[in-house]
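I have placed the structure first, in the form of structure tokens, so that the comments after it can refer back to it.
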Amino acid sequence: MKIAVLMRLVPNLSEGVDLNEDGTDVDREWTDTQANETDEQALEEALVVKEAVGATVSVIALSDEGVERLLRSALAKGADDAIELHLDVEVAQALPSAVTAPAIAAWLKGQQFDVVLVGNQKVDDPFGGLAAHLSTALDLPVVAGAIQVKVVDGSRLRVLQEYGGGNSAWIEFSGAAVVSVQAASRPIRYVSGSKLREAMANPAYRTVSASKDQLQTNIPGLKLEIPQPVEGVELIADPVEAASRLVAILEERNYI
Amino acid sequence: MLLLSGWIATLALVAMTLVRFSRLYRDIAVPGGPSRNDRGKKRLLGMVQDIFLHQRLRRFTPSGLLHGLIFFGFLVLITAALQSILSALFPAFDTQASYVSRSWFGALQEFAGISVLAGVGLAAWHRYVMKPARFRGSNGRDALIVYWFVLAIVHSMLLEFAALRALAGTQFSIAHPVSSLLALVIPWSTPYDQVVLEGARWFHVFAILGFIAYIPGSKHRHILLAGPNIFYRALEPKGWLPEPNIRLRKNGAAGKTDLSWKDRLDVLSCTECGRCQAVCPAAASGSGLSPKLVIMTLRDQVQGDGEIRYEAGIAESALWSCTTCRACMDECPIHIEHLSKIIDLRRMLVEDTAVEPKLATAFTNLQKTGNSFGKPGKSRARWTKDLAIRIPDARNEPVEWLWFVGDVAAFDPRTQETTRRLAELFHRAGLDFGILYDAESNSGNDVRRAGEEGTFRALATSNIEILSEAKFRRIVTADPHTLNALRNEYPSLGGNFEVHHHASVLLDALKDGRLAPPSKANGMKVTYHDPCYLGRYNGEYDAPRELIRAVGYELLEMPRNRENSFCCGAGGGRFWMDDSDFTERPSENRIREAMAVGEIQRFVVSCPKDKVMYTAAVNNLGLSDVIKVVDVVDLMFGD
Amino acid sequence: MPRILILAETACDAISRGTLELISAARSLAPASEISVLPLYGCETALAAMASYATVIRSESVPSHYVPSLAAASLRTVIREVSPDLVLMSYSLAGVELGPVAAAAIGGCCISGVQGAELADNSIKCEVLLYDGKLLGQATTPLPVSLTILSGAYPAAEPLDSPGDVKVITGASQSTGVAMNATPVPPDPEVFDLAASRRIVSVGRGVGSQAKLEVFSELASLLGAEIAGSRPIIDNGWLSKDRQVGKSGQSVRPDIYLSLGISGAVEHLEGIVGAEYVVAVNTDENAPIFRRANLCVACDMFDFADALSDALRKRNG
């Protein structure tokens, strides 16, 4: 069983948001990046399946600053090989999934993967998730919101799909598919510094060219703004003051 | 007939003893491990001083006293043992033996015997009446057996002496009180007297030989192993950690730690005295860690199947509780090296990814951004943003002093103000200083001690590279952990720097008149906490104290000061771990100690982690109106 | 007039709240538009109710539970039939799966995380939330387009005066996609029903450890409230799944919702759309939750919990 895991970098906005000059994107030059959280969950679940049935796990990412580190960490965690897809664009991580999906799919098509795993969402991607776009480009079914992936009888997939309100269902089928993972079935493993260093020398790493022609072009641009605080809402900074205000409100409303 | 069976029994016991000792030797002498044959004279001198002056034993006074009585007593009694064995096996020696035992030398031997009895008596009272907490977990049965052997040996010796006196018809002599008294009191009559002599002598001999045969299997081995263990102690700087000792097994089996010959010698020498446990801050806080139990467990594993497994008897949570403060190693009378074993076991856990989530996050942050806070590397120097002065960038401009700021001082909002004030002080003192801005990474001191060797090397290598390219003469830092890494760990990786603590630099400036003390010199009563990595590890105790006095405060010492300082609990990576399973935090224990000194208004520290830990402790104990935690820097601002 | 297709979902015997909001959205975007509703799954009672709100287009057999391939196939079939200009769906699991599928089928693009939209001649301008609510984005694109809309962005619709038609698609044009078995996992009957709680104290990642949760459990008892948490708390195992508030947890509608150390990501806010009065405590003044809260407290959550517990205890005497 061959599994592909797609991984992406997203901006780290924990220190505050800086927009670029024309307000069309975050200022990527001055913002640190981090691995997309649900993509890490997808990698972890791929490794769970690998340990259960002996699948091979290939990790793929679009070439960009910081991507080599991302892919090599995946190798350190247990992925079998890593591929950088070189798109010859300025900042690949800023492109929406809708734009890059056809180019990625064009490469994936030749590789005969049985399952393509992706993270369920990416915080800066308002034009549709990568999993669903890949599924239309590859003409494969998509199962989203997975919290567990199993392989039965050697090739059938069983995916636990999570809905709202505590509901979930097992979806079982044969054949290749794209699965987007919300959470892995076990916590993300920690990889030690020495394993990371070993992975830096791992030869199972290659760069492949992907054609820019395949990029989707009908996606609109975004104009970004920082939301303003809502007028007329009380903001209190002192805990004691806030506590007495709350008690007063609770009394007003006869809750206590 | 008796002689023949005596010989046979003796030879049998000797053979058994040799077998047991050879097994002990085999358990210790494994190939590889550190080479400790250098500086022989220094090693020997230190060993002799330690043993004969009971330097560390004396720190726990009752124990030191009783040990002295037994130790020195036994040194003399070795002669009596030889005497008895020779005269038992070779009857020709009888007359000489009799003569010696009734002479002044015999009086000395008798005195030694009495002091040994006194020592054992004190030991028994200490163990069974005083019941010190540090003995908890130690093998009481072993101790009892040793007491019985000693009592048997000394009593039979005294009876033997009494019989010799009786047979020779010697008068009562106050120099030989016990044997004279026994000689008077026991009804001697031929051949009864000869029987008593033979009986006492053979009993004495077999008690000795039996004891010697018992020793390899008992903590009493320390009488043979302590000397070598002290001789082969580590002479490298305390703050330097040896390389990992890990042999990782392939084919998926968990890594096993190999203990080197020195580790094995360490654990086999342990007397289970528990002094390490008594001074350990983690043990005091209710975590499962006892340094003594770690050593004892490793010893059992060495003597068992030789396989070292951390899960059999050493809980993972206990291993992670260690703050690497070194109190255990500095207290141990035999110079056992607890820390390198604990850290080797941690290295194994890290490789096996058995790391708690908070710590894993800190490690991952360190790997990605070079700081444990997870803040972007580019924001490291944000604390300088609103300063009135501009701090030179040591990457581009040559400076005299490179100020290596450190993670906590730069990123933790609870200490950033102190860092800014230090910048101002350096400026006022006219210091030619600069910082590395965002090229600085965590020094790696605690990363290494938390077991993440790979990440430590990456951080250290990066720092050494940056430092080698910057132009400066010497380094100053306010963080003792950073100081330790830069001074003691980096040389083996190619980075040799002269490193000073900020208190010394500020003190010099004050003495020169380049810095004026604050006008509010008010004689307030303060106490000072010695940081582990500045005090115990690097021997610097005085500069901060002088600074406190020079600024006009009255310094009152806490009971546990200087080398006996009690750790705040943040070292060894604990700053990045969850401490909700402690019953009493070490930092709170320490604040209570300060409060008990009386009238203290300021708790002075000289380490940013101390500031954070103790401020939190003061708040948790509800004492923020009573005592304030300040760095020596803050004192210069009249705080 | 634009043709609007709505992907409808159900919850037990009724139409899901999200679907009712989509219907209002459609009506407000283009009051005179032709609105059709495509049920992706549901029991017959719920399906029957749909006609009270709009025209229904459905396949012969609609599965009682969601089956990804069936839903995608019937979507493609219906889009071929109807050629909609706008396809609307909720920001639910189905919406995340089908947004791009619908976009490809209509030949337009997909916009997801929409909280407001405006139709102009032949194009639509949408407002989306990005970075867990930290940023707002505006995008304008020509029709046709598929939109995935956040809960609570529109009110629930009222039924029509007279019910709409029901068109059933039959015959060979129906495809079913890859054969999939869907086995629903029934929710644990032992679980605690958070959705029925009138007062909730909800804790986020900022609590730090399971032991520190104690402080907030005590606060909850003083308030007569139930303790709950956001996703990271449940993922760490510090609270059971039945106490999770948010998109993949429970949707709650208490009188008082006190959130501490929760930043207010879209997935969490979805769970508290129905909360009457929201108090948010967070050290970050720019936390998105403050845009939802009625009372904003910008301080440390432990400090606030202590102050509130003290105040309540003093009151109780």
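We call the chains A, B and C, going by the order they appear; numbering starts again at 1 in every chain.
FYI, contacts are C-beta pairs under 8 Å (C-beta built on N, C-alpha and C of every residue); 3 or more make two chains touch, one makes a residue touch a chain.
Bear in mind that the values here come from a model prediction, so they are computed numbers and not experimental data.
Between the interfaces A-C and A-B, more contacting C-beta pairs are found at A-C.
Note: the chain lying farthest from subunit B is C, by mean C-alpha position. Subunit B and subunit C have CA centres that are 60 Å apart.
A straight line joining the Cα centres of subunit A and subunit C is 20 Å long. Annotation: 49 Å between the Cα-based centres of subunit A and subunit B. For subunit B, the set of residues that touch two or more other chains comprises 357.
Shown for subunit A are the residues in touch with two or more other chains, namely 187. Listing the residues of subunit B that touch subunit C in their complex gives 357-358, 578, 580-581. Residues of subunit C touching subunit B in their complex: 208-212, 236.
Chain contact summary for the complex, subunit B toward subunit A: residues 350-351, 353, 355, 357, 360, 363-364, 367-369, 374-379, 452-458.
Contacts from subunit A toward subunit C in the complex involve residues 11, 13, 16-17, 26, 98, 101, 120-121, 123-129, 131-133, 135-136, 141-145, 160-175, 177, 180, 182-183, 187, 218-227, 229-230, 233-240, 242-247, 249-250, 253, 255-256. Touching subunit B in their complex are the following residues of subunit A: 12, 14-15, 30-32, 34, 69, 187, 189-197.
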